[in-house]
Every structure is written in structure tokens, then in C-alpha cells.
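Two complexes follow with subunit A in common, the first pairing it with subunit B and the second with subunit C.
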Partner chain A sequence: MSTFAHIVSVEARTRLSYRGAFWFNAAFGFMSDFGVVFFVWTAMFAESGHAEIGGRTLSATINYYLLVALLGRMVRGDRFEGQISADIYEGGLNRYLVFPYSYFRFKYAQRLGQMAPEFLKSVVFGVLAISFVSFESAAFTVGSVIMGLGAVFVANLVFFLIMTIVHQVAFWADNVWSLDVAVWFVASLLGGWMLPLSVFSEPVRAWLEVLPFRFLYDFPVRVLMGEIGAVEWARGIVVVAVWCIALALVSRWVWRRGQRRYTGVGI
Partner chain B sequence: MRYLRLYAYFLRFSFSRAMEFRLDFFFRIGMDALWYVVHLVFFTVLFRHTNVLGSWNFDQMLVFAATLFLVDSLQMTILSNNRWMFPILVNRGDLDYYLVRPVSPLFFVSLREFAANSFLNLLMAFGILVWALMRYPEPIGWGRIVVYAPLVACGVTLFYVFSMLAVIPVFWLHSRDGLRQVFWSLNRFGQRPDGIYKGWIRRILVTMIPMALTASYPVRVLFDQNPLHIALHVVAVTVVSFAVLLMVWRRGLRAYSSASS
Partner chain C sequence: MIEVEALKKSFFVHKKEPGLVGSLRSLFVRKRTEKVAVRDVSFRVDEGEIVGIVGANGAGKTTLVKMLAGIIHPSAGSAKVLGYVPWERDDELRRQIALIMGQKAQLWWDLPAADCFLLLKEIYKIPDAQYKKTLDYLVDVLRVGDELNVQIRRLSLGERMKMELIATLLHSPRVVFLDEPTIGLDLTAQRAIREFILQYRAEHRPAMLVTSHYMEDIRRLCPRILIMREGEVVYDGSLQRVIDKYADSKLLRAHVRPHAKPVVMPPTLAALGDVVECSEESVCLRVPRDAVATASARLLDHFDVVDFAIEEVGIETIIERIFLAKGDVA
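And now, the complex of A and B:
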């Protein structure tokens, strides 16, 4: 087994070891994520009298949020636990610097391992959701599912790269938790977690098109729902690949600058 | 009086500690300010598509959002750091130091750390509330505002009670953070106007798990026909919830086994 696959496997088994708390938190998290938006949008459609909002019916909007709740966990996980900032604060980065293995490849393997239980949750809750909610507004096909999973994979990578940069601020700041949460607020609003991007005004949507956040939730969900065809999907993947390269370059630049400040003794 | 003097010491200690980590001081202010912006944008975008949500118009929704920010900033300033530390105290056995002191351990554990950086957000949230009330097109009346203010305090108390009830299970579970994730999940219901909830979910949210009372009900006092009925309901639920907290806290202390926890 390669080192990368071994790290993924170890991390996944660690995550699944606390089964009771794992399923309890997961069930409450999923029910509240979905429950709140269900009531908000049911009220929105009832009180506005519109048949469609942002180009979607109530049923399609509910489907959108259900998929955001399911796929979003595979993008973000419960929270970012790369521990990059902790390694910097505690001086734990020392051992990685002498390992004959890339630090960020190691951290990415850990992250993929953390995603394994999220994938399991999404499958279980997805099966339950199919039993209770009508997906008549979503045009699932084998193609849309394959393209959707590909979009989720790159969304996960984008999120990892963004958070990698944020956590490296720990080279300069004493605590980056607030910054981590602040970036999550921005990503949740501009990425399609809180609101489908189609409900924003046209000029705002034009701005959102050029930012990487829409690839986190809006893009994968729309692909899976069959709202995005193969050509537009391929174009989106190229754009997100460019964003990944740009974010990786920024991350490398920050890493090099940060290492010059790193003392290795912790705080 | 002794407790007030003790709290003044907590404040002095917290401000001096907060200034040690200056960059984090500003990050936290920025984080909460961003949370306010995100919610204001959220409600503004929703009201592009409707005139009413949960029986409130946009002007009323701004007052609700401002109340939500005020309750959140109060709990972030007074309670959040303490709630964060509580499971660590229990699991490491450091709660011993609180139990041997001649003051209420619950008071000490809940209020020792004052988040000085969030205090600036409290001022910001209060400013947004004043702005939202000033721009409200109809007169609200001082009588309603006098009832509203203590209900916000009740909202913060309810937030405190249920967030503590979520972390106190560490006495038995010995887990990293008890049921904190469950609390944050439930809290999301309180971040939206109570008028959108229907049926048994609504009944639960205004009684057993009263997240709708933290911000929505104080705002209802400003706009509804029968503010006294609402006020009595909030006060009654707060008193009962606090009594439940005290009971669970005492049981938790009995289960506490010091450093071996």
C-alpha cells in the first residue's frame, strides 16, 4: 500500500472509532441543516405567492438544499481539521520537515481519510432522504452522478487549498480559529450553502462567477441535479483547475515565507 | 456584592489577557462582524423575492437580525470562552480548583473568562439594533422597548442554559465536547424567525427546546398585539429552564470523579 493510501486508511479508521457520538451528531446536524431551510423556503413560497424563486420551484429548491446538506459534508467535513495551525503552534511541524514525504501531501491524505466517514454519512442519509423526499425536480442520470462526484472531489480540493492558506497565517498570528470561521462564513454565503446562487441579483451573480467559492457547493449540486451539461461541466472543471493551481501557488509562497519565521519551539 | 466584585476582577484579568494576542483580538472582531454581514445579506436577498417572511416584513426582519446579533454578541462576550473550556476542566480534573473555592462553582465556571474582543462586537450589535429601530417606519413605543430589554436578557439566559446543558454531559460521557454539536445544530432554528415554524416543531421550539425564544420572541414583543402574554411565556420558560440546569449541574457534580474523569 502506498504511503498516501496508508495515511487515508489510518485517518478514516480513526474517524469511525467513536460510532455513537459520530452518528448522533451527524443525525442532528443533518436534520437541522435541512429542517431550517425546509421551513424557510416553505414559508418563502407560501408568503410570496411565487411559483418559482431563482428559477426553481419549491420542490427543486428543497432538492437543492438536500443535496447541499449531503454533498456539502463531503466538501467541508464537520470542520477543517488539518491541524496545520496546531503543528505550527506546538512545534509539531518539526517532525514533518524531516520526513522524506511532502507535508501537504500528508495533510491532504489525512483530509481524504477524514472524508471517508462523511461519504458514509452522505450515503446513509441520502438513502433515507430518497425514501421520504421526492426528487422529481432533479434529473439524475449516470452521467450527472459521475460528473457530480468529480465536481465534489475538486470542491474538496479547493476547500483544502483555501484552508491551507488560512491555517498558515499561524506563522504570524497567535490564533487563526477566528479567521478559519470567518472564511467559512464567506464560503457558505458565496458558495451556495446558505442560498442558491440563482436567487442573487444578476450583477452579484456575475461577480460570483469569477470567484472560486461557487465550485464548493453550487456547482457540484447543480451538476448532480442535471442542471449543468457535459460541456459546461468540462468548462467548470478547467476553471476550477486554474483556481487550484493559483491557490497552490499562493499556499507555496506563504509556506516559504512562513518557514523563515518558524522557530520550531511552539508558543 | 461579593460576586460583583469578583466579576470585576474577571473583567480586568480578561482585558489584560486579550491584549496579549493582538492579531487574534482583531480576527475575532472581524469574524463576528462578518457573521453580521452574512446574515444581513441573507435576509436582504430573501426579501428580494418576498415582502413577508414568517409574518414579518423587511423592517421587522432587520430588528430581528439585530436582536439575534445582540444575543449572540452577549453570549460570545460573557459566556463563550467559559463554555469552550468547561469540558477540558472536567476531563483534566481541573474543576477541582473551582469546587474548593468559597463561591458557586457554576458562577465561577460560567463567567470567569470575559471575551474582551467580543465586547467590541457587542457595541457593534447594539449599534445595528439602534439603527434598525430608528429606521422602523412606525412608532414602537417606549413601553414595548422596556419589556423587550429584559426579554433579550432572558434570551441570553436561555442560550446559556441550553449550551451548558449540552456540555454538562461530559461528566458522564468524558468526551471532548459533550453534546456541543447537537446544541449548535439546534441553535440554527433560533437564527430564523419563529413564524416560519409550524405544527409540533413550533411547539417544541417555544417550550421544551426554546430556541425560538432567544431572539424571535423578544422581537414579537415590539410588534405583536399581546406583548405581556409573550413576555410572561418567555420569563416562565427561562425560569423553568434555569431550574433544570441547576438540577442537571448538581447531578453532574455528583458524577464528577476529579482527575480520573
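And now, the complex of A and C:
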């Protein structure tokens, strides 16, 4: 087994060993993620009197949010648990700097390991959702599921890269928590987690097409629902790959500069 | 193995005035001052050598170790560890060095030690046979076989430190940095760790740099010491030479029969030396080395002594004197 796979495996086993946290977090996480939007959108449709908002019926909107809740967990996990900023503040980075192994490769492997319980939760709640909710507006196919999972994998990487850059601000700032929350809010708003992107105006949507955020939630969900075909999916993957390269380069640049300021406090 | 030339490290620290006004002012303007942690430090360490770094808090010991382990960049100067510049972090170098930080747990708390070691085996690419042989040896010497499958967070501090030592030495490093390896441990655990380090050094001959506030660590482990004061190395040489130079007196300790009258009228104790302790049952005097024989004879003459000892001044006292002294020690 490669070092990377070993780290993924160790992290996954560690996460899955917390049985209480697994079920508690799963139940309350999905209830809050999905329950709130269900009641809000039901009320909005009722109040507005419209049959469609942003090109979606109430049923389609509920389907969209159910999938956002399910796939979003696999994209962002339990927020960002990479703890890069904590490593920098508390000197935990020291041990990784002594290892003959890339710090970010280690952190990414850990993150994939952390996704194991999230993936399981999504599968469990996905089966429950299919049993109780009608997905009349979604056209699931084997192709859409495979492309959707590929899009989720890439979305997870984009999220990791964005948060990696944000957390490295800890090399300069005493606290990055507020920045972390701000970026998470922007990513959620412009990525389709808070609102379906179809509710934005045409010029805004044109901008969102070239930004990385829509690939976090909107893109994987729409791929899975069968709204995005193979050609558009491939084009999206190319765009997001370019973003990944750009973000990785920025992260590398920040890392090199930050290293010169790192004091290794905590020991 | 370790060559250091005019190494310097300074940090910029922000200062905030106390109180609400100070807090409000700091939202707009912050004072920044430069703090020199290490200044113009030069030395070398050869294979099989254990060198102790001694100094008060803030003397720059840990900063120096962090630079040599490649964790932080220096502000000026140069250093080579096994021929590599440590802060360039070449993987080839990192496979041959190890760092243990007594004040900072390095193993993964949620994992049993056995899983941590397997992870380190993968990271350091240790061949199966070598891993098994080294692990068996370390576990046997440190006697932690029964704790291998216990989560790190559930181990006692002493057991955890032993696991940290195993993790540090699994890949048989050629250079080992030990930063406060016995801090917080009880006396038994301290002694076990020290004995293990000496045994490991005898069998593997790595270069070792040890920092510790426990003088017993330094006395037992390090024939050579660097004394640091305010970022500078003020002494680099044998521990014995420091003792010889600064231990210019000895302690005479006499236990006398309780309630016994002096055999003859005693001289004033202060005339024999500095009185460290004086009670009905014991007397302790610090006397110059060249007056030890005379003072001993007079003490034995004048008191009904049941037990008598001549002791060296503690190394803690000697080092403390050096910390407080000005100028170079050598």
C-alpha cells in the first residue's frame, strides 16, 4: 500500500471508530441541512403563488436541495477539518516538516480519509431519501451517477485547495476563523448550497460559469440529476482542472512565503 | 555531521499596551520590535557525539534546534546537517534525522502506538525486516510491549514519551535532536529514558543534540555542552572543565549526635566557610577547595560527628552562576 493510501486508510478507520459522533452528526446534520430549506422553500412557493422559481418547481427544488445536502457532505465534509491554521498556530506543523513527505499530500490524504464517514452517511440517507421522496424531476442514469461522483471528487479537491490557501493566512494573521467563515459563506452562496444558481440573473450566472464555486455543489448535483450531459460535463471538468492548477500554484506560492515567517511556536 | 556557522535568528513581535485603550489603539497601530533569539552561533558535532545545550528560558536553545531540524529558516548564517542545508528540507536528509519534542506530542492521539508506527514505516519507507527488527529492539529495551495497542491519548506521560522515542528512532536516524526529552516525567521514567538514550547511542552512534532543564540529563548524557545566554553560545566544551572552573568550593556535611556538647569549644563556624545549613543535628559548610582538609579536620575535632561527607557543588548551582555571569565562560 502506498503512503498516501495508508494515510487515507488510517484516517478513515479513526473517523469510523467514533460511533456516537457518526450517528449523531449524521442525523442532526441532514435534518438541519435539508429540513430548514424544505420549510423555507415550501413557504416561499406558497407565499409567492408561483409554480416555478428560478426555473424549478417546488418538487424539483426539493430534489435539488436533497442532493445538495447528500453530495455537499462529500464535498466539504464536516466543514474544513484539515486544521492547517491550527497546525501553524500551535506548532503542529513541526512534525510534518520533519517527515520526508509533502505536508499537503499528507493533509489531502487525511481529508479523503475523513470523507469515508461522510460518504457512508450520504449513502445511508440517500437510500432513505429514495424510499420516501419522489425524484420525479431527476433523470438518474448509470452515466449520470458515474459522472456525478467524478464531479464530487473534483469538487472535494477544489474545496480543499481553496481552504488550504485561506488557512495559510495563519502564517501572517493571528486568527483566520472569520476569514474561513467568510470564504465558506461566499463559496456556499456562489456554489449553489444556499440558493440554486438558476435564481441569479443572467450576467451573474455568466460570471459564475468561470468561477470555481459552482463546481462545489451546483455542478455535481445537476450532473447527477441528469441536467448536464457528457459534453458539458467534460467541458466543466476541464475548467475545474484549470482552476485546480491555478489554486495549487497560489497555494504553493503562499506556502513558500509563509515558511519564512513560520516560527514553530508551541514547543 | 552538524556544522553551524554564524547562525542567527530574529523574530518580530508585536507589543500591545495594557488596558482597553491599548486594545483600541492596537486596532490601528501596533508596535513591532525585533527579538534576537539566536546570534552568531557556530559549532560542529561529530558522529557518535552527544552535545547538551544548556541555557535559561528564552536563551535560544529550542530555536537553534528548530533551525537545525529544518523547521524554521534562519535570518543569517549557514548550517549543514549531513551535508544538507536543513531548511531546504531535502527528503534524503529528512530520512536520516529525527526530532523529539518533549513539550509537544508528535504521535496521533486517536491511534494506538502500533498504528502510528506503521504509518511512520510507510512515511520513511522502512523495509519490513528492518522495521520489525528495530521495533522489537526498541519495544524490548523500553518495555512497552503491553501498551502497543493502546490509544496514545490513554497512555501515561512516561509511556507516551517512550512511544515518542520509538517513533523518533524507528528509521534509525543518523542525527537526533532531543528537545527536553524527559520534561514532566517522574524520576524513574527520567532514568529509564536516559539509560535508553545512552544504550542507543553506544549501539548506533548517531550525532545527538540534547536540550534539557534537568541537569541530571546533561550530567549523565553529555560529556560536551554548549551554554547559551541571550542567544549566544558563551561556552562550548567539556562539562567537566566547567565544573572544575566554577566549582571552586566543596560542601562539607556533618551529622552530629543530637544534643551532644562540642568536644572542645568550637571555632566560629563562619570562620571555616559559608554556613549553608546549621541545626542541632547537622552542619553544612561551603569551603574553598584548598581549605577542605583543614576545615574537615577542625569540624571532626570539635563536634561529636556520626557521619561526614565532602560533596561537590551541584551542577545546577554552577550553571546558574554562569547564566548570571557576564562575558565569555571559556
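To be clear about the criterion, the second predicted complex is superposed on the first by the 265 of 267 C-alpha atoms of A that agree within 3 Å, B and C clash if a C-alpha of one lies under 4 Å from a C-alpha of the other, contacts with A are read in each partner's own complex, and residues count from 1 in each chain.
Operating definition for what follows: a residue touches a chain if its C-beta (ideal position, glycine included) is under 8 Å from a C-beta of that chain, and two chains touch if they have at least 3 such contacts.
Small disclaimer: the values here were computed from a predicted structure and weren't measured.
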Worksheet item: Does the superposition put A:173 against subunit B (first), subunit C (second), both, or neither?
Response: first
Worksheet entry | Contacts of A:186 with subunit B and subunit C, given as first, second, both or neither | first
Practice prompt. Using the superposition on chain A described above, determine whether A:199 touches subunit B (first), subunit C (second), both, or neither.
Written response: first
Worksheet item: Between subunit B (first) and subunit C (second), which, if any, makes contact with A:6: first, second, both or neither?
Response: second
Practice prompt. Once the structures are superposed on A, label A:25 by its partner contacts, choosing first (subunit B), second (subunit C), both or neither.
Written response: first
Worksheet item: Thinking of the overlay built on chain A, is A:259 touched by subunit B (first), by subunit C (second), by both, or by neither?
Response: second
Response to the item:
The chain contacting more residues of subunit A, comparing subunit B with subunit C, is B
Worksheet, complete the sentence: Intersected contact list for subunit A, partners subunit B and subunit C none
Discussion item. Show me the residue ranges of subunit C that touch subunit A in the complex, using the header's touch definition.
Written reply: 11, 62, 66, 69-73, 89, 91-92, 94-95, 97-99, 101, 103-104, 106, 108, 110-111, 115, 118-119, 122-125, 179
Fill in: Touching residues on subunit A, where the partner in the complex is subunit B
18, 21, 24-25, 28-29, 31-33, 35-36, 39-40, 42-44, 47-48, 50, 53-54, 78, 172-179, 181-182, 185-186, 188-189, 194-195, 199-201
Worksheet entry | For the subunit A and subunit C complex, residues of the former touching the latter | 1-3, 6-7, 10, 13-14, 17, 91-95, 97-101, 259-260, 262-264, 266-267
Worksheet item: Where on subunit B does subunit A make contact in their complex?
Response: 20-21, 23-24, 27-28, 30-31, 34-35, 38, 41-42, 45-46, 48-55, 173, 175, 179, 181-182, 185-186, 188-189, 191-192, 195-198, 201
